[in-house]
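As structure tokens, the structure follows; a few thoughts come after it.
Labels A, B, C and D are assigned to the chains in the order they are written; within every chain, residues are numbered from 1.
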Amino acid sequence: MLIAKKYEQEIEVKGHLIDSMILTRIFDKVMDLKGDFQVLEFTVGKRKKESSYARLLLMGKNQQHLYELLESAYREGAQPITIQQVMIEPEVKDMIMPDNFYSTTNNPTQIYYNNSWIDVENIMMDKCIVLNTEKKTAKCNMIRDIKKGDLIVVGERGVRVIPQERPREGIDIFQFMSSTSSSERPTLQIARKVANDIYNTTVTSGKIIVVSGPVLVHSGASASLAKLVQMKYVHGLLAGNALAVHDIENALMGTSLGMHVDDGTLAIRGHRNHMQAINEVFKAGSLKAMVQKGILRSGVMYECIINHVPFVLAGSIRDDGPIPDVITEIVEAQRKYKHLLKDAKMVLMLSTMLHSIAVGNMLPASVKVIAVDISQPVVTKLLDRGTSQAIGVVTDIGTFLPMVVQCLEQIESISRKKTQTTL
Amino acid sequence: MLIAKKYEQEIEVKGHLIDSMILTRIFDKVMDLKGDFQVLEFTVGKRKKESSYARLLLMGKNQQHLYELLESAYREGAQPITIQQVMIEPEVKDMIMPDNFYSTTNNPTQIYYNNSWIDVENIMMDKCIVLNTEKKTAKCNMIRDIKKGDLIVVGERGVRVIPQERPREGIDIFQFMSSTSSSERPTLQIARKVANDIYNTTVTSGKIIVVSGPVLVHSGASASLAKLVQMKYVHGLLAGNALAVHDIENALMGTSLGMHVDDGTLAIRGHRNHMQAINEVFKAGSLKAMVQKGILRSGVMYECIINHVPFVLAGSIRDDGPIPDVITEIVEAQRKYKHLLKDAKMVLMLSTMLHSIAVGNMLPASVKVIAVDISQPVVTKLLDRGTSQAIGVVTDIGTFLPMVVQCLEQIESISRKKTQTTL
Amino acid sequence: MLIAKKYEQEIEVKGHLIDSMILTRIFDKVMDLKGDFQVLEFTVGKRKKESSYARLLLMGKNQQHLYELLESAYREGAQPITIQQVMIEPEVKDMIMPDNFYSTTNNPTQIYYNNSWIDVENIMMDKCIVLNTEKKTAKCNMIRDIKKGDLIVVGERGVRVIPQERPREGIDIFQFMSSTSSSERPTLQIARKVANDIYNTTVTSGKIIVVSGPVLVHSGASASLAKLVQMKYVHGLLAGNALAVHDIENALMGTSLGMHVDDGTLAIRGHRNHMQAINEVFKAGSLKAMVQKGILRSGVMYECIINHVPFVLAGSIRDDGPIPDVITEIVEAQRKYKHLLKDAKMVLMLSTMLHSIAVGNMLPASVKVIAVDISQPVVTKLLDRGTSQAIGVVTDIGTFLPMVVQCLEQIESISRKKTQTTL
Amino acid sequence: MLIAKKYEQEIEVKGHLIDSMILTRIFDKVMDLKGDFQVLEFTVGKRKKESSYARLLLMGKNQQHLYELLESAYREGAQPITIQQVMIEPEVKDMIMPDNFYSTTNNPTQIYYNNSWIDVENIMMDKCIVLNTEKKTAKCNMIRDIKKGDLIVVGERGVRVIPQERPREGIDIFQFMSSTSSSERPTLQIARKVANDIYNTTVTSGKIIVVSGPVLVHSGASASLAKLVQMKYVHGLLAGNALAVHDIENALMGTSLGMHVDDGTLAIRGHRNHMQAINEVFKAGSLKAMVQKGILRSGVMYECIINHVPFVLAGSIRDDGPIPDVITEIVEAQRKYKHLLKDAKMVLMLSTMLHSIAVGNMLPASVKVIAVDISQPVVTKLLDRGTSQAIGVVTDIGTFLPMVVQCLEQIESISRKKTQTTL
């Protein structure tokens, strides 16, 4: 009995405990792990804007079990009653983590060091935390970026995770994602909401990044993406070789893999067009050079170059070519992707699983994500990455994106009228 | 050796043998059945509009084997050199076919009786043929419609199938179906082509039947279908209880299964709306009564009633209600479906597998079918039914149908201008 | 101010409020409806087995708003502090409900009448409740079963819903459904768990109903279902015409729609087999007659008949035939389905969306449902019906069911050994 | 009239013209291009094993049109009556092709140079041909492998494509792919056929390459792949970082992305396992080093290393890590993939779209391909690559692969018995 007492520890948790399901998740985890708990204190916010407070006693079967219970609770936002300093271990080799490394979530995270809480920069899921004791900063690092001597956080002590609360404002748009059978939603209305979100994000100077696959060109929607770039709603483009090559083929010859994009028929000798497009880029040396020489005069890549919208094209094993602009070293490509995603407020994932998953892995939970694909399993998989503001839209990008553009044009037109009226 | 000769028979076949793959299919079947053949005579049409002629000797291992080879060849359009009269057997009971009944294809079919070829009316796949010796007519019958005394065609003798030749006019629209990865086609262009086809069919007084599921309402596209009815492009509607109920719920309360169709949010007490819609129809007695009493004032069903477009609602085991207009006896519903489909020139299948397969089973191969669904396997399955002019479009009905309507409005506007100019 | 007070009401709620998310859902609904609330009292169960109690004050903007808030809370299991008698309204016509009818959930429900709580029998979602004041019983009724004079519950007063608590025992099996990307689960292990569940349910005399589509025959898995029937694990079969016809075709000719089920090749003259199978049933008069005459000697239907397992075949608009055993009147078929489902403890839904949705609509939330299909959207849709113990398995029924049978044989073998050892 | 004659040319074609649809395809292309033709001579093989011969006159509207008609015909296997020498152009820069480069098909191809036909080595689709005039050899090259001075084939002259004839032996296995609705096939029988093919290929010393994705580990099928390697049926493995990492995680900790592979439950602290597995490989330095140090003792990668089966892991933008064994430069990875695929007789594509498409692009049409995935659109897309012996199986790899292994064990056991009996 007395012995049993040893494997107990008090923890506390604050916030919209019930509404945001934080407490539910903590109870859940403890029970799944066959642990035991007592609610020592529970103050519920009387009104909906007040936050709640709970003090719990977790009881494990042994030290290891208690440790697992605590870890689970901490990851959901609980904290020990008495805060302890984070544990660090200096790494002795490049690209290796200590065995007991703290593996990050994609929620905002702080570490307690030297009597103060330090924000972890660039938080991403499943990475480690490197502390800079001099500057009193901490950042989230990929394994290949770890250098000998880096101070890496180990264990769960002194790490505080701030779970996302359920957004209440604009609740309705997020209801779309609550049901997975989203192919049965009013698509026109979703297009309108997405357009609104894009507009509002841009108006408030929020950075919007588009991730796109080559289906955009086949389906005839690349003209809409080019338009979005022109309209200044895209502040960065993440894609692969295929989007660029199809876009160039379309710009130069009006086809995508030999299919006329304007009517869906197959071109004569169309099988060569794809390779010819690639050859043209090699001949010019780069996409930018093609624009400068006046060879490339339209399309997504053209608009990006003309409008100074940065893009990163990541190579993949299935690339034809790939064209010179593609970063064929994938660790390097990851770094460039990550760099372009910095401080993004919204990410549109358009019909590409490969690049969207890559991007999902790099995003903090706070970024708005809109994932569009015609396949429900693909959308579900993308939303699994766990950003709390993600919307999945199961629709045909070939009709959806033109509608978003149309809505944006209407919004702009109304906005202009309002401004004029005010003047 | 001499004995082997007994299991031989000459057949002949005419038409666009190579281009339409008729000869390929005959050779194919014979070889699959491990049969042997010789080409006795082969005259190829020298120019592309001339038809070809072939005379073949089929050789089987035994009488049964030869019979199987011949049957396969006949079903692809071949004929014996000497024509024989069709064999018939009078049925002695209701709803039973003779063991050796001839099972139909969905291609135009004739039977040779009393020295002349008689067209089989209402041809459908996998049914039997009933001969009327007095009127010298023949029709295709479902098993439940067979009456005692009916003269039913047995065996393959004296039956001529006229295989569909590959359409060469408007070839490009049919190329869409050649590839199954149709989710990667330019959807806006497909919408335009479909609109053109609808317009041209209507202009030439062709009958267009729409088969539709309830997703049309959820996805916000039912307003577009209502518009199509209003514009007189729909000459019959085949659906189930769900389409009607969702449409009524939407017309009365603006929701579909409790979701506001105009913005995708969930209605307060929305769970009741579906049942309440059903109750309203029961209270009025029928959809028509609801319109007459001024209760129902918009939507697909309203437009059908106002515009005198006939509809058949077939019951299914998953129906809520079902409302009084639904035909709950499915054999009766099949007869009414079949009746409405008579002489249809085009069928639009919109996001319903159940009713589309039912309709596919009732159609001759000559009817144009456009099957739209967001799931590629569903579209593939619908096209399997074997009409030779079917197009599958893998897209979101919620965005596709509004675009088709928009294109039709443009076509009409251009057409009006032309007429005015001519005047 | 004082006036505002009028639109308030106290409610209370008991149970595993946090763990089972009951309180979360109530707060959620109130906030979605833009209502306000105060937590007047909250006693948390100190240990995980103790239940919690909460007393809340709901505040609406007006009477109607308050009513909506209350209704939402009641449906999640809350109750007014002072219990009021249920309101009823006698119906004046057949097949019509009063405008303000109470629309049921699929959770256990009670109504307060004459100072006592009466259980509602046969609870199903989206139906109405009919009270028998003499017998003091209540039952859940479909609209077409309502008779003139029935006493129908109206409004939300005096109705108590008992929400399902999250099952903690056997938690791991239910984790399978928590993720929708279930196509990435270890299928062999799931098969084992499903086999265990089937075994345990049968051992405790629980009724198991199988709902199955014709894919079972094509995919070669119908032998496994026949085996399950033989092994006495199936206590009722719900299907349509297609399953029976394919099964008969397979039993008589070894093919399914003309494809040899034992090797996947196409049969000679195979196109006729389907129609011939139907004709054979018409000739015999019924499936049972076919068995009695020795014509039908194997397959799913044969095993059902021989083992006295009741089955209901519901007609649908796409049926070929349909055979005489099919109930072609769908309201009648619904009643028979519902009858066979009475007191079922477990339902296996095997690759049929139509019949599975029908069954899902008829089930109380307490029934264990295992839905198997190769399409993730179909599985998702089936689970949407809201039974709290449903598992979705995205797999190929053609390999999954044989594995379940194999596991059951192993379990039986182990069980027999144990028994022998004990003796 | 006389002028029109200028745009004509005679071509000839030999082989199983009708059966293999070669003539059909030529007529088809000419008609699609609005060209005209006459059949000057046509000798049909009288018996099914005899080949046919046709001489055609193609007539274009102008020189360019005639050129297009001829090109289309050549690509289907036709040849001009008088053979002309291939045209070549020396390239003046690295990684650039001449504008008029000949773009390859994936069928066996020869070029006519110096009075003899030279086989093109390593044929792949959509590449160019480089001629070595000294050695009288030609090879198919990717654009990035082109060096300054390479002699590249331009135009269509002097290039002969040998179209694949339809295989008649083992016809039934290839029928599986003829229908796209392959999810409705008897999976157990397909598993048996695939096992037979694997066995027969290996017995005749044919090289079998497996392409696999990480789903194999989640779904519990990686043990079966490890077994296949052990049984010597795998002669090369092409995959990415994810397969290796999941396999290592499974081998070290029994989990895959934190899910216990043996029962599908989630591991405690499971979120770290994935990263920990990666860290372990970095600590050891390589997979091979892990095996040598005794850290890695089971799984797919372990069996490959122990059994000296070569593998190539290609990096991708979504990789975690990636581990040191991954080739992160994708052009280099492509070269290594291509090298391992040399002379492969059969390729199994297991649940990975990215790597399977990459491999499909590198294969000549003669290689047997079996593509397995639970998503029909994915399988369809893989088969689109155009190998003529590809089979698509829409099934759950988690149940399918164990069955293939089981069948192989049975085949081996029967084979051993036969050998013993013979002795």
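We adopt the following convention: contacts are C-beta pairs under 8 Å (C-beta built on N, C-alpha and C of every residue); 3 or more make two chains touch, one makes a residue touch a chain.
The structure displayed is predicted, hence computed values, not measured ones.
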- Task: Could you pull out the chain whose C-alpha mean position is farthest off from that of subunit A?
- Result: B
- Task: Report the chain pair from B-C, B-D or C-D that duplicates the A-B interface, where duplication means over half of the contact pairs agree by residue number.
- Result: C-D
- Could you put a whole-Å number on the gap between the CA centroids of subunit A and subunit C? 37
- Going through subunit D residue by residue, note those that touch at least 2 other chains and give them in order. 32, 183, 266, 377
- Item | Parts of subunit A lying in touch with subunit D, wherever the complex brings them together | 32-33, 68, 71-72, 95-97, 99, 101, 103, 126-128, 143-144, 240, 266, 268-269, 271-272, 274-276, 278-279, 282-283, 314-322, 328-331, 333-334, 337, 353-355, 357-358, 361, 375, 377
- Query: Any idea which subunit C residues touch subunit A in the complex?
  - Reply: 18-19, 21, 23-24, 27-28, 30-32, 36-39, 42, 44-48, 168, 171, 179-181, 183, 376-377, 380-381, 384
- Using the touch definition up top, name the residues of subunit A that touch subunit B in the complex. 172, 175-176, 183-191, 193, 215, 218-220, 259, 261-266, 374, 394-396, 398-400, 402-403
